[in-house]
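Take a look at these structures.
Each of the next two complexes has subunit A plus one more chain, namely subunit B in the first and subunit C in the second.
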Partner chain A sequence: MKSIKEDILEDMKNTCLTVSFELKKHFRMKRMVISFALAIGLPLIFYIVPRIWASFPETAEEFANLNLSFVNLLIIISGSLFAGDAVVGEFEEKTGLLLFSTPQRHTTIFIGKYIGALLPTLTVVTIYYLTTSLEIIGIYGTEGISLEFFKSFFIALVYTSSAVSLIFFFSSILKRKITSTLLGFFSLMMILPIVSSVLQFLVEVEPWYILTYTEGLITGVFVGATPIGGGPGGQPGQFSPDFYQGITIMVVYTVVLFFLSVFISNRRRME
Partner chain B sequence: MDDDCIIRTENLVKKFGEDVTAVDNVSFEIERGEVVGYLGPNGAGKTTTIKILTNLIEPTSGRACINGIDVNRYPKEALKDVGSLIGVPGVYGYLTPDEILTYFGKVYRMSKEKIERRIEDVLELVNLSDWRYSKIESFSTGMERRLAIGKSIFHEPSILILDEPVLGLDPEGIREIRELIKSFQKKDVTVFLSSHLLDEVSKVCDSVIFLYDGEMIERDSVERIDQIMKQYRVIEVEFLDNLTESDLQKVRKIPVIDEVTKINQNKIRIIKNEGNPASTAEILKKVIDEGLDVISYSPKKSDLEDFYVSLVGKKGDAR
Partner chain C sequence: MMSWRGNMRGLIILVIVIILFSTVTNNSASAYLNSTNQQTPFDDFDLTITNLTFSKSEPKEGDNITISVNVSNNESFPIPNEEIPIQNLTLTLIRFEENITERKISMEPKTNSTFDFEWKTVGGRQTITAFLSVETTDSNERAPLDEMSKEIWVEPEPIGDVYSPILALAIIFLVVFGSVTIPSIIAFLTDKNSSRKEK
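Up next is the complex of A and B:
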């Protein structure tokens, strides 16, 4: 009989195995290449275009703000690619018949799948920020990298986790990979932003609990639109997310949707 | 518990919703080294039982144990020494057999050296050596099937649970799998094998469990069933005209006839309960005496299929 410690260690090993298996899957399906190319290519556009046809913004903050306004798109694309089929794929393709009948707790497999989707998405965001930071250093010098830049990076990482959790959740409840991937993509790209806009501009209520509303913090930290610690406020239709509240919402989405996804996936059976 | 009992189900019930009972109170035990066939038509509950035994689904009630360990409560421990093939699984088309087997080798905590050695052995065994580094998406259905079988035996399990293992294989592939299963018998591997191909099962199994409509209707050794079937004689009779229910009743009333099953509108299968050739002639005479126009009368050697049909017939009558 194994001790609890040995048991946990074995579960962790199984989770690591699933993570490496998932990463191999993403690599083989060219998802890594696509995402990494976008993570390098998108910021390069903001460097090359002004260099050839126009001029760079006056301050590093303006440049970062412009450049990082597209990181959300990258998070949504990468998150959908990496998490969209994570759980549902095993059921739809029936590969779960091979995988789930092995001596592993299904929970360890699903946790591994979540990490396997989160890690590459976080890496993609990190590459985007690294590329942007190199551009800033190249144009404005090292002093161009401000504290706000790191703050934005931190927010982007937390937002990535919550976005991946949301898409992973769809993957755990839906029956088709394509539905899960598209629903994840369009929820973050259109559906939630539309709901957020309707609440802000028509109902004049601050949608502080909507995930995509908090995403505004990624660039919001640069232009001072978010008075840090200032709480929700502003004129009707001109709300801006509060830093701490936004981070809390993102963390809540991440944790709740992660646990919910693992719970639902565990209940789901190869029937 | 009996040390030799490797697989045990206790009053296993699986319901899907309120109305569908896929497995109904199924209890059986399989001992070490036994090769047991789990037989029944499509929808009888074979795959559902196997899915419970491999922790793919949970029973509504009852227990499934492997080596005395409840599979659904302690899957990690129970499935450690089990190789399984369930239904027609997908096989990660973007990977190669080498990568898939390496992954599962790691799941079963095999050493690097053993993984390497087993990949060579297993791919040789399932005739996929030349495809070791090819992406599976280019494989035919039969090749995918053979790879899935290879995966199930990769870690040299002492228990094999196979659901319709020859499904999708060509005759040569079927023969190879049959030989493979026979070789496990010699190695003291316990095999639990579901199939609807009764002939296949009779060639490899020591004993069989018959399932019908979710219920276990019989369990016996293949040898004993052979003995029983020697007592039976099956005759297929074709008539000129379509048979009415009263025609069937007339045939059923003939002494020594145990079972009459309608094959189609003008054809029946008769199972008689003794092997005397004189009674075969006697039955023909009586059928003609009843005024039925016989156009063909073919006594057949009875097999596992006939045994199953007779069991199902009795079950239907009992209801």
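Up next is the complex of A and C:
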């Protein structure tokens, strides 16, 4: 009989195996190339277009605010790409018949799949911020990188985790890859922002519990810049999310949806 | 090859959907600004805003500052005046599209008057516009007379701190990576319980 220590180490090894398999799969399917290209290409638009046709904003904060207003778009696209078919794909394509018959614990497979979707999405966001920071240094010098920029970066990473959790959750409950990917994409892109707008403008209550509402913090920390309202959600609403409450909501979404997804996936059986 | 093509096709559809969505949601822009560009029936009036000043040049967010608006009436009659059909002369302060405050004023002939407004500052680069308008007795519609804008930088209060999102991220990693150990612990505990029962 194995000791608990050996058991944990074996589970960790198996999880790492699943993560590396998932990463290889994303790489083979060119998802990594597409999303990394987007992470470099999108912020470059904000550099090249003003350089040719217009002028840059007066302050680095305004430039960062403009540029990062669209990072949520990239989070949603890459989150849908990497997490949309993570669990449902195994059931739809019946590849689970091979995977689930291995001696590896099912829980470690699903945790590995989650990490395998989370890591590349976090990398994509990091590349986006890295490109933006290089642009800021190029235009405004190193003093253009403020503490707010780092705040925004870490908030974007937390938001990424919660977005991946939501899409992964859809992947664990739905039966088709396309439905899961589209539902994940559209819920973050349209459905939740619409609900949030309706609550703000028609019901006039603050939708603090809606995930996409808290995403406003990514650019909301640039207090000196005029809100742009780019990306999903459109124009700025009449409320703005509270910093600490927003972060707590993101963490709660991430953790609860992650555990729910793993629990549901574990109980799912091949049909 | 197929998956590459499939991904590209999916990406193109996504981009089209995003462009359509952005067009639909961002179409509510300059309605207010357009409404202020109407032709005024009082174009001949020599009633102008001559100056707009702030009591502090670099205030901090939340400070109460005084905005002074200087209005000059070069006409030979007072305004409002019953002889000419002007009911109200209004001076409005606007930040973006939002009214900060407005006040009904009156001007003696050939005078300059300064009107002070108190404003609790909001952080960031703010454009304050003083807007002078009149209402006629015939209709209650407001017609613009003159406007003047000035920018002011208000030192904003920083939102939150950098440690909280780092801590949040650490919690997420701890939970996700730590959850790998949960099945082993559960298995260990259930094995222990069953062996106790067997004994």
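The criterion applied here is as follows: the second predicted complex is superposed on the first by the 257 of 271 C-alpha atoms of A that agree within 3 Å, B and C clash if a C-alpha of one lies under 4 Å from a C-alpha of the other, contacts with A are read in each partner's own complex, and residues count from 1 in each chain.
Convention: contacts are C-beta pairs under 8 Å (C-beta built on N, C-alpha and C of every residue); 3 or more make two chains touch, one makes a residue touch a chain.
Since we're looking at a predicted model, the values are computed, not measured.
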{"item": "Touched partner set for A:L134, first subunit B, second subunit C, both or neither", "value": "neither"}
{"item": "In the superposition, subunit B vs subunit C on subunit A residues touched", "value": "C"}
{"item": "Which superposed partner A:R105 touches (first subunit B, second subunit C, both, neither)", "value": "both"}
{"item": "Contacts of A:F259 with subunit B and subunit C, given as first, second, both or neither", "value": "second"}
{"item": "Partner chain(s) touched by A:L97 [first = subunit B, second = subunit C, both, neither]", "value": "first"}
{"item": "Touched partner set for A:F21, first subunit B, second subunit C, both or neither", "value": "first"}
{"item": "Partner chain in contact with A:M29 - subunit B first, subunit C second, else both or neither", "value": "both"}
{"item": "First, second, both or neither for A:I45, with subunit B first and subunit C second", "value": "neither"}
{"item": "First, second, both or neither for A:V203, with subunit B first and subunit C second", "value": "neither"}
{"item": "On subunit A, the residue positions that both subunit B and subunit C contact, one per complex", "value": "29, 105"}
{"item": "List of subunit B residues in touch with subunit A within their complex", "value": "16, 51, 54-58, 75-80, 82, 84, 86-92, 94-95, 99, 103-104, 106-108, 148, 151"}
{"item": "Residues of subunit C defined as touching subunit A within the complex", "value": "3-4, 7-8, 11, 14, 17-18, 21-22, 25-26, 28, 61, 123-125, 153, 156-162, 164-166, 168-169, 171-172, 175-177, 179-185, 187-188, 191"}
{"item": "Of all residues in subunit A, those that touch subunit B in their complex", "value": "10, 14, 17, 21, 24-25, 28-29, 93-98, 100-106, 269-271"}
{"item": "Partner subunit C, residues of subunit A touching it in the complex", "value": "1, 4, 7-8, 11-12, 15, 29-31, 34, 58-59, 62, 73, 77, 81, 105, 107-108, 111, 114-115, 118, 147-148, 150-151, 154-155, 157-158, 161, 185, 189-190, 217, 220-221, 223-226, 229-230, 232-235, 243-244, 247-248, 250-251, 254-255, 258-259, 262"}
